[in-house]
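Per-chain numbering from 1; labels A, B, C, D and E assigned in written order.
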Amino acid sequence: MADTTRHCLFFNWEKRNIGRIDVDIATVIGLLFGLGCIIWSIMQSEGGQVFINIPAMFITIGGMTASTFIHFSIKQVMSLLSVMKKTFVYKAQSEQTVIQKMVNYTAINRRDGALALEKQLQTAGDSFLIMALRMVIDGQKEDAIDDQLGLEIHYLQERHAEGKKMLEFMGNAAPAWGMIGTLIGLIQMLQSLDDPSNIGVGMATALITTFYGSFMANLIFLPLAGKLAIRSKKEALIRQMITEGTISLVKGESPTAVRERMQTFLSVSNREELKPKI
Amino acid sequence: MADTTRHCLFFNWEKRNIGRIDVDIATVIGLLFGLGCIIWSIMQSEGGQVFINIPAMFITIGGMTASTFIHFSIKQVMSLLSVMKKTFVYKAQSEQTVIQKMVNYTAINRRDGALALEKQLQTAGDSFLIMALRMVIDGQKEDAIDDQLGLEIHYLQERHAEGKKMLEFMGNAAPAWGMIGTLIGLIQMLQSLDDPSNIGVGMATALITTFYGSFMANLIFLPLAGKLAIRSKKEALIRQMITEGTISLVKGESPTAVRERMQTFLSVSNREELKPKI
Amino acid sequence: MADTTRHCLFFNWEKRNIGRIDVDIATVIGLLFGLGCIIWSIMQSEGGQVFINIPAMFITIGGMTASTFIHFSIKQVMSLLSVMKKTFVYKAQSEQTVIQKMVNYTAINRRDGALALEKQLQTAGDSFLIMALRMVIDGQKEDAIDDQLGLEIHYLQERHAEGKKMLEFMGNAAPAWGMIGTLIGLIQMLQSLDDPSNIGVGMATALITTFYGSFMANLIFLPLAGKLAIRSKKEALIRQMITEGTISLVKGESPTAVRERMQTFLSVSNREELKPKI
Amino acid sequence: MADTTRHCLFFNWEKRNIGRIDVDIATVIGLLFGLGCIIWSIMQSEGGQVFINIPAMFITIGGMTASTFIHFSIKQVMSLLSVMKKTFVYKAQSEQTVIQKMVNYTAINRRDGALALEKQLQTAGDSFLIMALRMVIDGQKEDAIDDQLGLEIHYLQERHAEGKKMLEFMGNAAPAWGMIGTLIGLIQMLQSLDDPSNIGVGMATALITTFYGSFMANLIFLPLAGKLAIRSKKEALIRQMITEGTISLVKGESPTAVRERMQTFLSVSNREELKPKI
Amino acid sequence: MADTTRHCLFFNWEKRNIGRIDVDIATVIGLLFGLGCIIWSIMQSEGGQVFINIPAMFITIGGMTASTFIHFSIKQVMSLLSVMKKTFVYKAQSEQTVIQKMVNYTAINRRDGALALEKQLQTAGDSFLIMALRMVIDGQKEDAIDDQLGLEIHYLQERHAEGKKMLEFMGNAAPAWGMIGTLIGLIQMLQSLDDPSNIGVGMATALITTFYGSFMANLIFLPLAGKLAIRSKKEALIRQMITEGTISLVKGESPTAVRERMQTFLSVSNREELKPKI
């Protein structure tokens, strides 16, 4: 489970967060390497400054942004950045850590009662886990906990799915606006064919927007939409494990039973014999 | 839930409507910004008047309209404008407002009986809520109310889905007709190659229809289809909450039970402890 | 429900047909307007006769027809015309007319027995309604009637779905064959570049097939496929209502019960209090 | 049901086969007509021999074949021809023939017992029908027969679905390899622009592969995939009817019951009152 | 079932592996033949060295790799090679071999008890079969075995599905990056139109990346994704058969019952009367 990730402890924007924050270095490597390829490719011949064209950026990015605003609600557009963050950094919670925590909580619950879990809230380090513990401390029934946590997982997945849809829409809108920009450039260039020496430069400028659109779609928006789906799936899995563990805990099952129930979500090779450490 | 929206009280085309009417400023900003991008981009070089070409508009918009008439029934085409209106203005009914209303109605129903709800019809401000209250006042059974309101939600969603399909069809037909226009222009231009100085202008004119088609599809039709789906989903959610609340009310449950039942549709962070205010 | 349609009583190709035959004027207007747009657009400049090119028509329409024959069975190809007819003319049967008829039949059945329905067969005016009545007169059981009529509705929808698939296939094949024609034209033109004055004419001729393919797909085949689906859905709905009404009639329910059962398919605003008129 | 087909009795490659073998003349007419259109179109101007280009055929067909080998298993590729045969010739088994046979077998079974069906195996003329009869003669139970025959139908449909997928893959691979060929041709041509008189011929040659790819996809592979699906559906229907009939026979139901059960798969207009002829 | 495969006994990278390792010669033939077509086609005219262009390879392959890193997690990217291996070599386990083994194990289990299966672990030769046997030896219940093995099959299929998705993504990203490379090349070439003799060479170089992208997608990534799905389906089938057989064994059924239960996954023509050989 140990993704090749790099710790990043000095990057701690959520106070009560105890868990490590990890950078998704696959995303970072991919972006840097992709940009490197393009820049290196442009550097191969002279005159690379034609590739930096502010008006072309403006029509491509501006048009794409305009379409996105029309398609989605302001609330969704605003949440895009926080959703995209998930493709760069994420909380490094391995399944084993979560199982260990739940096993401990079960042991505490059995020994000292549900109220003793109150002290654990500060170190739980995951808002979903905290919500689950709170429901246990409040003495809620299994069904209510199951419904409530299931609903929260559903909303999380829906929010991620909306983010993915937005990134995919932008991945389609960017080349479309690139083509609109190229059409504008071509029409303008074709009108003034008197001086043939300008044809090349005019056409090159017209093609810049298509270049921007293609490269943004294929390097940024479409791959990020994919990464978001992968992160979302993993996060939902962890939350389903927490839900199962909490229900098992509330039923008064033993730490071993809690561990086994949570491990049904894992492949055999990922299972470990975890014992309560309290 | 408070979408960043702007009140618009002087815009009140439905008399009995008490609720606020809000403009979807994301749609408005997007459209204005997108148009601004295109116009600014055209203004960058001289001779922008070539982009205003009435015959090109006629073939692109006319052809697209013709295809839409053939595809859909006249009744559907006629309802397009009223459906598109939803992407610009909508009734600002937050989930909390609706829950508050239903909680009040439940309290009234318990204290004074169903007939006392008659007076509330005038201030209900939402045709679906009024229909639900009428069924309660008429003394209909839970099942009948559930079936009836469920059916109305189904028809609403179907109407919206048809509107979405129409906008998506137009978003595909516009670039197709743009290409048909460009083919006509190219064929005409190629026939008279005697005067090479006309090639550029002829080709520029031919490309205008493709430009119109692309830009209408990507700035207007495809994004509006998306916004319609988002509005439709939210409206259906509110109506499902009203249905649940009405059934709970008819069953004689307490205002608290009504509130909790309606809040199962909301994420925990959106729930509030609403009490009847009567 | 009253679609904006035009009566067409002198157009009566099915003898026993009592119901009005209506022209789908949306289809007619769309086709005429679309053709008008294209012709007007061609007339804008001289030399419009290049757009009438018999060999180009032959390769585009011929190739598309050939592909359609290979894809579908002869029986399906033969039924295409009769299925396409539905997109131009249809029987003007409103839901209310059908409900009124079934309400009357129920009253007759209750007063005079099932055999008295025999006389109504001549004026029923709809082959599906006649089949339903025949089963009632023959004294068949509810289940048998439900199975049988359900199966007929299924076959109707399958036939329409096949027609839609055929039109969509033609809508994809037409531009593909247009491109094949253009490739043939281009290859021939490129071979004889000796006389540059012929390039333009050769290329114009080559593009004609692409123009034919695009315009047939976007004005005729794809929109007609959509209209067929809409007509199919409405016809299936009416038949489902007839099925429900017939079962209710056979069960010996009252005319009011029959009406209410058939009206469950309608939105509240489309319901009317129909009484038997016999 | 009598498709416009032509008998072909001298074409009898399966010995025990008693049923007629029919040619699907829609496929044959379509292919000949489509080829005719293309050849006629090429003959319109001189120099048609450029369209016969062995290297271009080699890259397009060869590349497509290579991709197909990589995508599918050798076993599947080998079965392609036998699956494609279904789009040209098929056994002329009408639903009525099959019902008549099963009705006869039921009568024999009732009069002389299951073993008397042994003699019918030779004239059954359909491997699936023979398998069904064998199971009856072996005295297998209804459930076993249902499971077994259902499984065979499932495998038949899966084999056809794989064949369809293969044809569709080839229909996508052919134009893709056509484009690869054109790219190779263009790059070679562009490298030697010294002699402008060669540009036309070089470009014409480069375009030939795209022409081959388009025409093979749109005349052969994509339409044949469609025809295969139609044949598969009909064959599966007949086999489902045989399964139903066999189960009815094993249950000891009357010939009339067997007929009615098999006819539930047919529209009313296709039903006939068949009596046992033995 | 005996795919046309070639033994490859000297290719034995997994120690405990007793089963034969076979090369999927369809994949190998396809790749070699496809490459042969392209190389032969390039050799047809002089100057083939233009097709080997390191910077063009770098932008196409590099960009595609960058997008893949952003889309997927590092763990998934790392597993790509091991998943792709499945499209070239696979363990030659026919259904009959597996059935024979399970029949033997059942006989041993009945004669000597579950612990006697311990000795068979070394010769089982398939990690899934070994896992199943271990659970039998450990005395686990049917339900636990069913759940556990079903979960492992689920994870296997998910891993393969992810590999397929990755290959399909690369098959879409390769031509997209080819086009980005071509756009860069075109823009650079158009800027320096002073020397017309360079136009051809510049354009040829620009097109190389599109050629690389098309050919990698259509010869390698898209077909390999298809082959992976076919291998995955077959492997899952074998594992489902093992699961069924193991459950039957644990229930104490006879070798014949085990064989019949496993053979329900096979078409009649693939079934054999296997007896225990111990």
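One rule holds for everything that comes next: a contact is a pair of C-beta atoms (placed from the backbone, for glycine too) under 8 Å apart; a residue touches a chain by one contact, two chains touch by 3 or more.
Note that the structure is predicted; figures quoted are calculated from it, not measured.
Chemist: What chains, if any, are shared contacts of subunit B and subunit E?
Modeler: Both subunit B and subunit E are touched by A, going by the contact rule given at the top.
Chemist: What is the size of the turn, to the nearest 5°, that moves the C-alpha atoms of subunit A onto the matching ones in subunit D?
Modeler: Rotation angle between the two copies comes out at 145 degrees.
Chemist: Counting only Cα atoms for the centres, state how far subunit A is from subunit B in Å.
Modeler: Centre-to-centre distance between subunit A and subunit B: 29 Å.
Chemist: Between subunit B and subunit D, what distance separates the C-alpha centroids? Give it in angstrom.
Modeler: Averaging C-alpha atoms per chain gives centres 47 Å apart.
Chemist: Would you mind listing the residues of subunit C that make contact with two or more other chains?
Modeler: none
Chemist: Per the contact definition, I'd like the list of subunit E residues that touch subunit D in the complex.
Modeler: Per the touch definition, subunit E meets subunit D at residues 3-4, 24-27, 29-31, 33-34, 36-38, 40-42, 44-45, 47, 50-51, 87, 197, 199-201, 203-204, 207-208, 210-211, 214-215, 217-220, 222-224, 226-227, 230, 264, 267-268.
Chemist: Give every residue of subunit B touching subunit C within the complex, in rising order.
Modeler: 55, 58-59, 62-63, 65-77, 131, 147-148, 151-152, 155, 169, 173, 176-177, 179-181, 183-184, 186-188, 190-194
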